[in-house]
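Listed next: structures, encoded as structure tokens.
Consider the two complexes below, in which chain A is the common component and chain B and chain C are the respective partners.
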Partner chain A sequence: MSSAVVKHATCTGCGCACDDIEVHTDGARVTRAVNACTLGETWFRDHPADSGEPAARIDGKPAPLADAIALAAEMLHAADLPLIYDHGYSTCEAQREAVALAETVGGVIDSYTSRCHGPSFVATQLVGKVSCTLGEVKNRADFLLYWGCNPAETHPRHTSRYALHPAGKFTPRGRRDRTMVLVDVEETATAKEADQFFRIREGTDFEALSAMVALVKGQAVDERRVAETGFTVEQLRLLLERMKAARFGVMFFGLGLAATRGGHGNVGAAYRLAMELNAFTKFVALPMRQHGNLVGSDMVLRWTTGYPFGVSLSRGYPRYNPGEFTMADLLARGDIDAALVLGSNAATDFANVPTIEIGPKLTPMQSGAVPRVQIATAATGVSAGGTVCRMDDLPMPLRPTLTSPHPIDEAVLKRILAEVRKKPAWYPMRSEAQIA
Partner chain B sequence: MLRITNGKVYDPKNGVNGVVRDVCLDGGKVVASVPAHARVIDASGMVVFPGGVDVHTHVAGAALNFARGLIPEQHRKARPIYHSPQCRAGLAGSTPTTFATGYVYAGMGWTTANEAAVPILSAKHTHEELRDTPIIDKCTCVLMANNEIILDLLENAEFERAKQVTAWQVWAAKAYGVKAVNPGGVAGWKWGKDCKGLDEVVPGYNKVTPRTIIKALADIVDQLALPHPIHIHCNNLGAPGNFTTTLETMKTLEGNRAHMAHLQYHAYGGDDWFTMSSASVPIAEYFNAHPNLTCDAGAVLFGDTVTITADGPWQHLLYELTGKKWGNLDVENETGCGVVPYVYKEKNLVNAIQWAVGLELLLLITDPWRVSLTTDHPNGACFWRYPEIVRLLMDKDFRKEEIKKLPEKVLPRIVLPELDREYTLYEIAIITSAGPARTLGLPQKGHLGIGADADVAIFNERANAMEMFAYPRFVIKAGTVIIEEGELRNSIEGTQFASKPVYDETIEDYLRPLFQQHYTMSFENYPVAEECVHGLEVHQCGACITPT
Partner chain C sequence: MLTLTLKSSLTVPLEAECLSPDVLAPLAHVAVRALPVMLGKRQHRLDDHFTVEGDGSDEIELRGDLSKVKWIGRLMTHGRVAITGNAGMHVGAYMKGGTIEVTGNVTDWLGGEMSGGTIHVRGNAGQQLGSAYRGSASGMSGGTIIVGGSAGIEIGMRMKRGLIAVGGPVRDFAGLQMKGGTIVLMSGAELRTGAWMQRGTIISLKPLKLMPTFATAALYNPSFIGLYAKHLARFGFALPTANGGYRRHLGDSSVPGKGEILVWQPTGIA
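After this line comes the complex of A and B, so read on.
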């Protein structure tokens, strides 16, 4: 085992995908990840070259990889409605293959997006989205509003590398050139960094944001209704004056908006607020996306199917319906009869469905619900190369530092697809009218 | 090996105008002859064209994929492409999915397309999408006219270094050409501003103006000997009275090669939306007299679409005008992007003028070699509607019937009713294939001479040009029969063309620290690796031309 140092490596620990990591290894595991935050450091250290997992398991017993692939293909091929589900830790290259597989077996494809920022996509589809890459924030933003998120714990380098602290082209003094406001239901660790913190009453984000949209447009608002949010109208007015006075303002929002009641309405109001502020100054809004490459999954699905998540290919062409073709809803209704889960330790949700699990860490044997087929793969970014996408959609190349005995996700999916293609093909029925 | 026989061949580059002769294909190329046992396609009663070439389209990358995510309601109405032995599933709507894009282009007989707006920062993503766009060959233009490293250099009159940086960036993005979108205006949009006139100082700068940027980039592209000239989207797009800005831009480009993108959007008279009129006549007159210029039409057709452009400030205005949903995505140090769904309505005065201006330019520009058929897909209309434009150009009686549907008050503001020109098949072959291939600098495309790429479209000869060009009988790409008897029978991978200009590699020492300061991506991770571009074919540019 020889030691090595790889510079400019991309971390896939969270949606920031920082690509300035200097990774030190002793050949067997990562010993140091210079520049990485605690999440990133943990991600690198937690994935040694050899995870100690067997190549594959079938019904809990170690099995040759070829057998596991053959059984996986058989299960997906035999199922009436299989689901391909991506936890968002794979590469874009693997996600391309996942789409091809879903299409070939006439299944549904969805990702963890449907359980986190899915409503943010629905909001985009309703009202639009004004956004930018993180470098614009670094270089220009003099006003930051974090709403319903806690980057200090979920995206530790977000404020230091991209948003609040770095010296940018037009913000040479870094933190001193910026104002930061935090709105949340509780005073989190992020509040320590804020110039101003507002506690909002739980479940009233839509009301507060809508009132702000109305005030920006010079419309009247009901003071009593606003008071229910925990804000006074005067507070909102002052906040808006600061937003309008900014040279470049940005709002980052998290699951506090997207994954609470009426998430698409909350985020829609946030986007609308940012849009309307462009009549006065430059203003953008961005979701704080999580997981290493969930954004990549949305991107690949959009270019191959037109939709970001929750896509059914059961009629042979893409159809989209959040709430119908999304993982939690398919499981709740018992619609699916097989699942392939891309990502580790994801099987508990799928206890009642014959499942294939592909990832660097397999669901442990002592767990109550061990998937039927388990295939160990190399860890994305540590021992598997390819591309991931950052929270602002930018593609980032990976620089794997270790060599895993296991194949990469992309290779496993390709082999399953090749096995499926050897079986009698499924093609959608087309009526005469459609052919004409 | 293939012999196409008995077809009426239109091959303008080689002066072949509707002559019945054989076309022989072997090894992906056009050859002089093939052995007797080669497969024969009997093209009796059909016309044989070189495969279509789209000089300006938006089919892949960050902006288009952003748009795809914005419009599920349009996808739902889109024509489905079913999963089949030959085809990946997809949707052929206003922003077709990648696989569908390849099938639909090939399905109309078009075999090469230029994706005209790629930010370097996300070029890797564009190439990933183009990999998933089958059959057609592709090239890209990289967005440079609001690149702040370039603008900073021009502010300090460091032209030579700006040239080195441009060359490095083109190769870093594995791009083919250089695009300028609203020079300086998009940089201004980073502060919520714009540049309307060529001599306005770019917001955030003290000296540099759109005119400086246009002239410098045109010089750079010429001196780097890139195969395609500077590809310009002028300032002041879409605005009434903007033809003066366009004329100024063209005058600035005297002495340079230049391609004027979607000229329709830049040829309006009047002072505001109420007095807007066509200014295609002065634009076409200037253009006709200046052979250094080429253009594409950017024609508009009535119906649903989605507008996508790097011109961020224009899209903000369009949002304010329409109240529809608005997407904006600014890219650090480089460019912007805006998306607004749009419906062009026949009874809308402005839309009717736009429809007329696109056709007027195509009819008023006398040299078909210098004007290409485009709709600035998907901005003016989707590319799969090109056959409708071909019919409007070839059939003046049909055109006059269509003009009758416009509001009467439009008629005094356009010249289209007075134009009786009808395109011939030979001219259609020029504006859809031979011309754009020449404009792009792709000598192997757009013709059927010996050594040309074996990209051929075969159509039934019919009186209705729209029906004729919508459904070719056969399409052959790189010698493989893709469409046969009107059906897609095969799918193959296409080539991606990139240009490699000559540059001094020490420019990296200059760029590296700038990245540290201004970007959020490491300099080392910024260039697209060659192995990430599937089917890459590199055009090595000649030595830098130093002006005397």
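After this line comes the complex of A and C, so read on.
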């Protein structure tokens, strides 16, 4: 096999989607990923050209791809309420086919977003959002507030490439032109980079942020109850003065806000604070999104159905309701009778539901809950091309470096869709007389 | 009187918005049996899932474990629906009038965006009762919801008018972004009660952990409490009017709002 070097490859190891990676391969696997962080390097090395998986498995036994596709189509067509669930590792092109499939089989479609930053979307719908791209952060932001996140470990290049260190148009001296504050429940590795660190008491983010909103608006707050958050009112006032004095302030928040108790309230309070600060200066709030292409999944669902996650198409039109049409809730109540999981490892979550799994790494046979149908595909970004979205919603083209013997997700979904479309429609057809 | 009994338990939820007096009352027995319901994506007949006794009527009785039957009493304007057993999501959503009684438990979105009528649940309720649906500006704008047991998060979210009374404890964010109306919490609430409320009243008989954005005001016995006490006595809820007072807290100052939280304080307790 021949070695090759691909420049400007995009990494999908985390939500940063860095597109300056120089990938070296020996034809079978990635040998080096220059510029990539440890997460990115692992991501590239973990996905060889040939994963060694059979093309497909049915009930745990290797089977021809065509048979697996036919059975998958049959399962989804026969189910009363199938779920299409996206782990967020596929390209936008594949996700678009997944939406078409959900519509054609009359199912519910949801993504891993519902288990991480779903509350951030609910918050956006509650209060609104002021946002920007990471390019603007790099070129303009002189004040960074990280709240409930630890980029040093979850998004290693976030500070070096986009936020804290790079020299930008209006921040020519890089780090020296910026101030960084970290608020978290413990002093993480990120605290080393911060100018100031505040330890907040666990589970009091909503109270602290709401108190800050009140203070920005010149309202009074109860000092004793503020103290329960770990902040004093004076500390909050000083922090707010720094935020107001910034030319362009950015608040990055992570799962410390979104995936803790009252996540949508926590993020809503962060969005409200950013909004209120715009009475004094430019201020935005951005979520630190996770792996792969989860952002793309939300984007595709938004432009096709109007909603970001937790969408039911069982009545032929999209209906959105987190808690009702989200994966964890559907499984907890036992509402669905078939599932298609896009992305690796359907694993134990779907143990009680007949499941189709599509992804580069299939649930191993040793695990107790092997899905009924398993179809191996090429790994997104390594051996499958397409588009992914960065955490600031920007689409990034992929530059695959290897050639996989397996088809890409999009091709498999298209074939399942074509099979389903050969079958009679599930919705009640109107008679000629009714149409007349 | 029309009686419908669920034939067998369900796996996939059944969406049955036809279970409302407005739809059922004018129909004969045969027409009731033929009404469409949706089991997941499949359209079925009502009698595929229910045993139907009697003709269409303003008085409807539903029997069985209906915890997977959604949208009972949707948009109803009159009549009475009595559910003997549990009921699923969205009971009485967008309801305008009439009465719904449930002997068991219900799940989420009870009385979502209702504007009139009465819902009385003897068991527990789920999340977002009387709330606004996601993306909607206002929650319930009238009517009464009485829950004997506990309730989940975000009860009365964005509610504009009407009364919610819950006998058991409720979880976080009761009255989130509330714009008006009254919530009565007989056994208190967990966290963040009245968060971002603009107007409206929350009455709690148990001490609450309040947000820092609420200011504490007078201890008094508002005259309107007597009216609520009289109204709620019919449902077996005793709202005290003597031997103590209600501590008034104002907020939420981050909105800034003119809402009030009244917390009962018996005499002798500072």
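Quick note on the criterion: the second predicted complex is superposed on the first by the 427 of 436 C-alpha atoms of A that agree within 3 Å, B and C clash if a C-alpha of one lies under 4 Å from a C-alpha of the other, contacts with A are read in each partner's own complex, and residues count from 1 in each chain.
The criterion applied here is as follows: contacts are C-beta pairs under 8 Å (C-beta built on N, C-alpha and C of every residue); 3 or more make two chains touch, one makes a residue touch a chain.
None of the values given here were measured: they were computed from a predicted structure.
Counting the residues of chain A touched by each of chain B and chain C gives the higher count for B. Look at A:Phe44: by the touch rule set out above, it reaches neither chain B nor chain C.
Look at A:Ala425: by the touch rule set out above, it reaches chain B but stays clear of chain C. Of the two partner chains, chain B is the only one touched by A:Lys138; chain C is not.
In the superposed model, A:Lys217 makes contact with chain C only, not with chain B. In the superposed model, A:Tyr320 makes contact with both chain B and chain C. In the superposition on chain A, A:Tyr85 makes contact with neither chain B nor chain C.
After overlaying the two complexes on the shared chain, residue contacts for A:Gln125 are found with chain B and with chain C alike. Looking at the shared chain after the overlay, A:Phe198 reaches neither chain B nor chain C. Once the two complexes are laid over each other on the shared chain, residue contacts for A:Asp337 go to chain C alone; chain B is not touched.
For the contact definition in use here, the residues of chain A common to its chain B contact set and its chain C contact set are 106, 125-126, 315, 320, 427-428.
Of all the residues in chain B, the ones that touch chain A in their complex are 60, 62, 65-66, 68-73, 75-76, 78, 80-85, 88-91, 93, 95, 97-99, 121-122, 124-125, 128-129, 132, 148, 189-192, 204, 316, 319-320, 324-333, 339-340, 517-522, 524-525, 529, 532. The part of chain A that touches chain C in the complex is made up of residues 79-81, 105-107, 122, 125-126, 206-207, 210-211, 213-214, 217, 219-223, 225-226, 228-229, 261-262, 265, 269, 272, 314-315, 320-324, 333-337, 426-428. Here chain C touches chain A in the complex through residues 11-13, 15, 36, 38-43, 68, 89, 108-109, 127-128, 133-135, 153, 172-173, 176-177, 191-192, 195-196, 210-216, 252-254, 256, going by the rule given at the top. If you check the complex, the residues on chain A that touch chain B are 7-8, 10, 19-20, 92, 96, 100, 103-104, 106, 121, 124-136, 138-140, 161-162, 167-170, 247-248, 275, 278-279, 281-282, 284, 298-299, 302-308, 313, 315-320, 387, 389, 393-397, 425, 427-428, 430, 434.
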